[in-house]
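I am attaching a structure below and will ask some questions about it afterwards.
Every chain is named by a letter (A, B, C, D and E) in the order it is written, and numbering of its residues begins at 1.
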Amino acid sequence: MVPLDWYIGLSAVIFVIGVVGFIIRRNILIMLMSVELMLNSVNISLVAFSHYLQDLRGQIFVFFIITVAAAEAAIGLAILVALFKNKAAVHTDEITEMKG
Amino acid sequence: MDKYLLIPLLPLIAFTINIIFGKGIIKERAHWIAILAVLGSFAIAVSTLIEVLNGKTINYDVYSWIVSGSFKVTVGFLIDQLTAIMLIVVTSVSLLVHIYSVGYMHGDKGYYRFFAYLSLFTFSMLMLVMGNNLLQLYFGWEAVGLCSYFLIGFWYEKKSASDAGKKAFIVNRFGDFGFGIGVIMIFLTLGALHYTDIFAKVGTLQGQTINILGYNIDLITLIALLLFCGAVGKSAQIPLHVWLPDAMEGPTPVSALIHAATMVTAGVFMVARFNPIFSLSETAMNVVALTGAITSLFAATIALVQNDIKRIVAYSTVSQLGYMFLACGVGAYGAGVFHLYTHAYFKALLFLGAGSVMHAMAGELDIQKMGGLKKHMPVTYWTFLIASLSIAGIPGLAGFFSKDEILWLAYNHGTIGKIVWLMGTAVAALTAFYSFRIIFMAFHGKFRGTHEQEHHLHESPKAMTIPLIILAIGAISAGWVGIPAALGGSNAIAHFFEPVLGHPHVTAAHEEEFMVMSISIVAAIGGIFVSWIFYSLKPEIPKTLAAKFKGIYTTLWNKYYVDELYGFIIVRPTKWIASNILVAVTDGKIIEGIVNGVPQAIRNFGERLRKLQTGHLQHYAVSMAIGLFVILTLVLIAAGR
Amino acid sequence: MLPNLFFGYFAIVMVVLSLLIITRRNPVHSVLWMLVLFFHIAGLYLFLNAEFLAAVQVILYAGAILVLFLFVIMMLNLKEEITAERFIGEWPIGVALGISIIMLVYFALSKFIQGPVGQYTIEAINKETHTKTIGRVLYTEYLFPFEIASLILLIAIVGAIVLAKKRG
Amino acid sequence: MMNIPFPDLRPVTPEIIMTISATVLLILELIFKNKGVLAFIAVATAAVVLYTIPSSHGQTFGGMFISDTYSTYFKLIFMINLVLTILISLRYIQREKAEYGEYYSLLLFATSGMMLMASAKDLIILYLGLELMALSTYILAGIKRHDIKSNEAAIKYFLLGAFSSALLLYGISLIYGMTTTTDIYKIAASLQNSSTPSLPLLLSMILIAAAFLFKIAAAPFHMWAPDVYEGAPTSITAFMSVGPKAAGFAVIGRVFYIAFQSIQTDWTAILIGVAILTMAVGNILALVQTNIKRMLAYSSIAHAGYMLIGIIPGTQESMSAMMVYMLIYAFMNIGAFAIVILLEKGEELSDYEGLSKSRPLVAALMLIFMFSLTGIPPTAGFIGKFNLFMAAIKAGYTWLVVIAVMFSAMSAYYYLRVVMNMYMKEMKEEAAITPSPSLGLAILITVLMVFVIGIMPSVVIG
Amino acid sequence: MQIGYPILSTVIFLPIFGALWIFLIRRSSETFIKWTALLISLVTFILSIPLFSSFDKTTAKMQFTETHGWVPSWGIKYALGVDGISVLFVLLSTLLTILCVTVSWNSIKEKTKEFYAALLLIEGSMIGVFCSLDLFLFYIFWEAMLIPMYLLIGVWGGPNRVYAAIKFFLYTLVGSVLMLVGIIVLYINTGQGSERTFDMLQMMTTNYPYNMQLILFWAFFAAFSVKVPMFPVHTWLPDAHTEAPTAGSVILAGILIKMGAYGFLRFNMPLFPEATKAMAPAMMILSVIAIIYGGIICLGQTDLKRLIAYSSVSHMGFVTLGIFALNVQGIQGGILQMINHGIVTGALFLCVGMIYDRTHTRQIEDYGGVATVMPIYAAFFMVFTLASIGLPGTNGFVGEFLIILGGFTASKTLGVLSATGIIIGAAYMLWLYQRVFFLETNPKVQGHPDMNMREILTIVPMILLVLWIGIYPNTFLSFMDASVQNLIERINSVPVNSVSVSGNEKILSLITDTDTVIEVLK
């Protein structure tokens, strides 16, 4: 049996990779995908917990997380499209209209 | 409304009427109201003198002025022998000056204002003299200083006049500073300010000392000296005399009234009034005596070389005041006040005489440009001559009796007395010299002024000459009241003052008294003789002497550079500190620096922080991550330990 | 021994894939790598016998969301995108942060003790088949969050229309 | 068929009404050309919900949803926020050519999200409510499609919001891992008795704290707020500066005060550091702003700092003080934004020069709001701060109050700069305003409340 | 001694409602606004006269008291009351406001409506400060007065009014904000458990532990020292005075400054007796510095209003010296000097305002020989100059003499140093008077009309007051006797059992050392 700690370790690593990806990449799409990555890492840990804790709550929660992720992606891309219409910019350092 | 209250009240009413309605309604007729008021006061003063003569002293409170916890002060009157004499002096001289001013100030646009100030001055002087407690004395003290400020600076367009007024007030304030502290010390140690209570309890203070900044000083000496400090300021003694000569900027009647007869003598009056305190402290008495003597010598030497007629008379006043303090210093308070009484008349006469000369010479004051006025102004000449004879101390006239009394009592007062007596005699000689210098240069010899001045010369109008004559009578007869026993007189004035001012015990025999008297007569005549040689026989002698002793002449001419000294030590540095250090540095740099500096620093810090807000999305995420990281490390390490 | 080996493979591959996703210059490559990642995640779910979730993962995540991403990527002009700089100027800070956070998390989670065991044992689930149990629990115990999730999806639709639909 | 026990819907009625009316509005949007009607319906729903809230006490959905006095008070704040936002945005969105029917339904959805957060007893419900509110607010922020600033605001808010909710999820998953439950009270119970090692618990607490601090725009996680507040349409900025912040505080109150009771000292220490940092950042940066919306953004960050002082002591009194402050803050803030909306060209500080000459009444109103935000006595702002500081000092945090008081004195400078511009500078040109009955009503309500609470605090302190 | 109507509330709220009423009047009917403002201030003054006439001078208890519940849950009561110390200030405020209205009759041209409304609001809140017995109510009025005053200086002021206004506002706010913390700490330690209260009278009876008294003393000191202004924190005063319009500087000099010293008397001394006794020497040193520093700096001033402003720093130095001498003469002298300073400096600013309306310049060298052009004005200014330098017979002397007497009893050296103040005072005032009124007539001053009837009517009441207090001060001193006696007893009554305060001892130790912070957190 694979001990729970490994799963936690795995999800932690992927989570942090997601965070780093979010911080480093200039392209907004990749940032969105990094967020998806973070959410998936959480899903992994939740499923692992629900498996080892023999409790379904985790999986139900994963189910809801996936729906929210979908909604989020939809809205994120909608905003991106609206932004793209006004200014052909998809990199974060091009959208610094407001500062100070 | 008892009559004593009327004495100060009448001039006050005259003042209010003149000052309010003066400009509009009264204008030229202001002098009537003022003169009537002073006349009323004079009449009541005479009646009170009679009452006091037959032994009645008045001491009652009008109303309670300040009540704060244990500190109770009232406005009240104490009229005893000393006050009665002072009342007579003040009201009489004031009356004569009022009459004189009608002529002198004729046509001046501030006519009503002048008479209003004169009435205010009389009111303040009367309050000072009649007060029965120290605070009312202080009230009169400052009020008189105020009136002298108004009157000296009467022609306020002239910068020198308004400067002189301001200087007089501020120098007086220095004196009043010491005097105020003296008043407070008395209240703190004796618990009351009324004369009767003070004199009753002052004995208990004998020998007590007080610790100031580590040194224990004898309490009574300290109080006496503080009070004396006020007197020095008011009566223009050595350290604080600088304002009197400048006070000549004011109209001459003002000088006659204030700077000869009344205000300056307030110092002597106060020392005399507090003789119980002064006599308890040996050192205080010596300080008073020495200051008086030194001042009189100092002023007399300066008067030798001055050319402005009013300046000479002013310095002679300072010197005569020195005399009075000398008297008080040796315990002869009665003689001091007697000299004050006689001095008031002949000094006022000298001033008014100088005023009428100035009137005739169209404002010319320099005696070198006068000469031979005898034939043009006989009345002024003769009255001026009588006054000069009296001040010089020629027997028979008032000056001789009072001055001789002082010298004699000084002589009796041990070693200090001897020193002071010698200086007094020297001053007598000098006084005679410079008084007659004026006579010879101004009235004798030939006219040295401009041509049109010459034909303009005329005798002063009636309003001016009558007071001169009355004063001349006073200058002669005033002395007869105090003819010493040695010359067969009853010395009535000394006995009159006995209950209030006491009488110093006299040890030496009559012969010595004659010896002292003869020495002072010789000094007087000698002074006149030398002055006659210098200024009428061989006029060139003074010039050669002045050339030979160049150094001494210029120091005397510049009044020992005292004014410049004060300017250098006090006035200029304070102004410099005020504008350069305080306004510029402490307020400008330090406090403002902090007050403006802190918000400015915050704003600069804000500007830098603002740069962190780059608008770049990633940077926000980075800052969030860093925030998270910092919190994580802090908490985990804290928990981990 | 086999399960450990199996898990080891999955773990290594998933980490490598996620690193690839965030480092590829061409977004399309990233999306494709992500697809592979999702398949592995589905595999892991199967391993943790959450079959229904694996299916959902594949269909929903891989199918719906990635496709959505692809549509949007088509909008960008890729040529310019490939030449553009991938990382922001301060990327070393980002990496350093990542490493330090991972170390901190490991340090914290090293003492992780799992909570009390619930009553949905694996046998019970298998007996009633995973989808059925999830369905039952979803519509009884967790009905309320389900409704909220539906609202969220509604919002997503409304948002997409409001923001992105071509208005007349 | 097993009978599914029909859950007791009474406590949830307010939320249900809200969501139903939101969806109905979506449909009506097609029928009515004039959007005013939609606004009216939205306000009507708010009124009805407000009426039903008090009677909706109780728990339901198997303990996932709780409606108690705590949540009722916050729902009251959400309703006020909703009504006022609708009133001020009616004429505004026409002027800004962002006149979409969905605007009002999104507002209703966002408010229902907040109400869910306020009465969530389960972390899942809490997360979903948060996402519901967040998503609708992202859309609202970017609703002015043609304006690049609004898009930029939306994208920034969205990305950082997603990032923070990912953090939240990770925290919740760890908690779930340790306690196999997501019910707050059960978590508290399990953490209380079992000696779970503090490290993983601390990690999850920090992650959850990070997400909530992001929502209320507290210091290390505040960077998004100025840009988003400036970019979003002003009515939404007003909505965002009150709604999500209040919901954030509701959630912090419940999760930290109940779930993490056992490690109170740790999160209090964190919150103290964060509170001071927030006040510092909020006040210092507001000093140097030239755009009034950005300045109000920083001022709302500073106010978040003050409200954190209500959370730190953790006593009953300080919690209620924080809630009262939130209510007063809602009025002041929306009032100030309403004035910014009233002025056609009112975004730059320089637009306010000489306003007292051209529009004396508008200038006077803005003056009142500025002084209330500073916390000068006759206004409600002072009562809020006084109540907060009293609770904090009573719990022993005098030194923290001294710092807060110093910062609020510093805040006087930038609030007064607005008054200075209005009253003491010469008028450049006549300031144009777009008055409308609803905007007027909103301003009237806010000004009245600022004065009534200022003078009669027992209205609120009761 | 109850009067028919609640006198204090009417005197406070009549101006406030009056201000609101003025807001409603149409902007264009300017004369109507001016007359209503004058009417309201007159009626307020008349209504406040019973305070003077039927004041019971024998008791030290609060009179004309009114208490109504306000915020029961916090224990805040709307409590008003006046005693010997505060009754005179109320009268001074009502009187000065009338003069302010008349003096700015035609000097305020634009936004007159807001001007008079602000003036009346200030009056209302000022009187509120002096009469409130509830610490919370006191703080409300204390801060409420800031806003209209800020606008008064900032909108109708001189060239760099903006800087002066913001400086005034921030200075006072930072101080009073610290006082707020002090008030809250006091509130928590007064009364037990639920019925905690802000009631000052009860606070005066509870004895607080010494180190709490010390810290609270400094908290209240922060607010009041800025207002007085005491030495280091005085730089806002010259700016505020020079930039404020005439009415503004009259109100500022007349009343606002007095609130600081009044605060010391009403709060610092009765509530924290030991701390006051411990801190009194330090305070006296600060006051003497203020006297001498303020005096000398006046010599270096070139701006007329700025000079008078600095002179009030010196005068208020006298006041604080008197107050902290902690003896009957000192305190009575201090209070009387506050009234005198209000009258004299208020009148001086009125005069400067009048001449400024004519010549529109404040630089002293632009003046000269005004006495020839405007003799009546010169006479009036002379009276106030004399009062300012404390000439016996004027009100200045009575106050200053009592203060120097009190100061001397407290400490000899400080008494002597403060006495030098009267010399410096004479120097700068007479020098000012000479430069402005004497010497040749400056062309700028030529041809200006002398004081018209309106101006004379504004000044005459002040002259009468100066002479009345100078000649017969007992009418005013008798007001304070009982209250000052009571205050002294309270200060000297060493608390036999310093009641152990409910567990808030820890709060105070917090401020002193930080490691207990964690301990308290647990």
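Assume a residue touches a chain if its C-beta (ideal position, glycine included) is under 8 Å from a C-beta of that chain, and two chains touch if they have at least 3 such contacts.
All of these numbers come straight from a predicted model, not from anything done at the bench.
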Labels of chains that are neighbours to chain B and to chain E: D
Chain whose Cα centroid lies at the greatest distance from that of chain A: B
Top-ranked pair of chains - ranking by C-beta pairs in contact: A-C
Centroid-based (C-alpha) most distant chain relative to chain C: B
Innermost chain, where centres are averages of C-alpha coordinates: E
Separation of mean Cα positions, chain D and chain C [Å, integer]: 31
Inter-centroid spacing, chain D versus chain B (mean Cα positions, whole Å): 79
Chain A-chain D separation of Cα centroids, rounded to whole Å: 26
Chain centre separation (chain B, chain C; CA means) in Å: 104
For chain C, residues that touch 2 or more chains besides their own: 88, 94, 97, 101, 104-105, 107-109, 112, 114-118, 141-142, 145, 149, 152, 155-156, 159, 162-163
Multi-chain contact residues (two or more partners), chain B: 599, 610, 613, 615-619, 621-622, 625-626, 628, 632, 636, 640
Chain A, residues touching no fewer than two other chains: 4, 8, 18-19, 22-24, 26, 32, 49, 53, 55, 57, 60, 64, 68, 71-72, 75, 78-80, 82, 92-93, 95, 97-100
Touching pairs - complete list by chain label: A-B, A-C, A-D, B-C, B-D, B-E, C-D, D-E
Parts of chain E lying in touch with chain D, wherever the complex brings them together: 27, 70-74, 76, 111, 114, 136, 139-144, 146-147, 150-151, 154-155, 161-162, 165-166, 169-170, 173-174, 177-178, 180-181, 184-185, 187-188, 504, 506-508, 510-511, 517-518, 520-522
Contact set on chain C toward chain A in their complex: 3-4, 7, 11, 14-15, 18-19, 21-22, 27, 30-31, 34, 37-38, 41, 44-45, 48-50, 52-53, 56-57, 60-61, 64-65, 68-69, 71-73, 75-76, 81, 84-88, 91, 94-95, 97-98, 101-102, 105-106, 109, 112, 114-122, 125, 133-134, 137-138, 141-142, 145-146, 149, 152-153, 155-157, 159-160, 162-164
In the complex, chain E residues that touch chain B: 167, 170-171, 232, 234-236, 293, 296-301, 327-329, 332-333, 369, 371-372, 375, 379, 386, 391-393, 397-398, 401-402, 404-405, 408-409, 412-413, 415-416, 419-420, 422-423, 426-427, 430-431, 434, 437-440, 471-474, 477-478, 481, 484-485
Touching residues on chain D, where the partner in the complex is chain E: 265, 268-269, 356-357, 360, 367, 371, 376-378, 382, 386, 389-390, 393-394, 396, 398-399, 401-402, 405-406, 408-409, 412-413, 416, 419-420, 423-425, 457-458, 461-462
Chain D contact footprint on chain A (complex, rising order): 4, 8, 11, 15, 18-19, 22, 28, 31-32, 35, 38-39, 41-42, 45-46, 49, 53, 55, 57-58, 60-61, 64-65, 68, 71-72, 75-76, 78-80, 82-83, 85-87, 95, 97-100
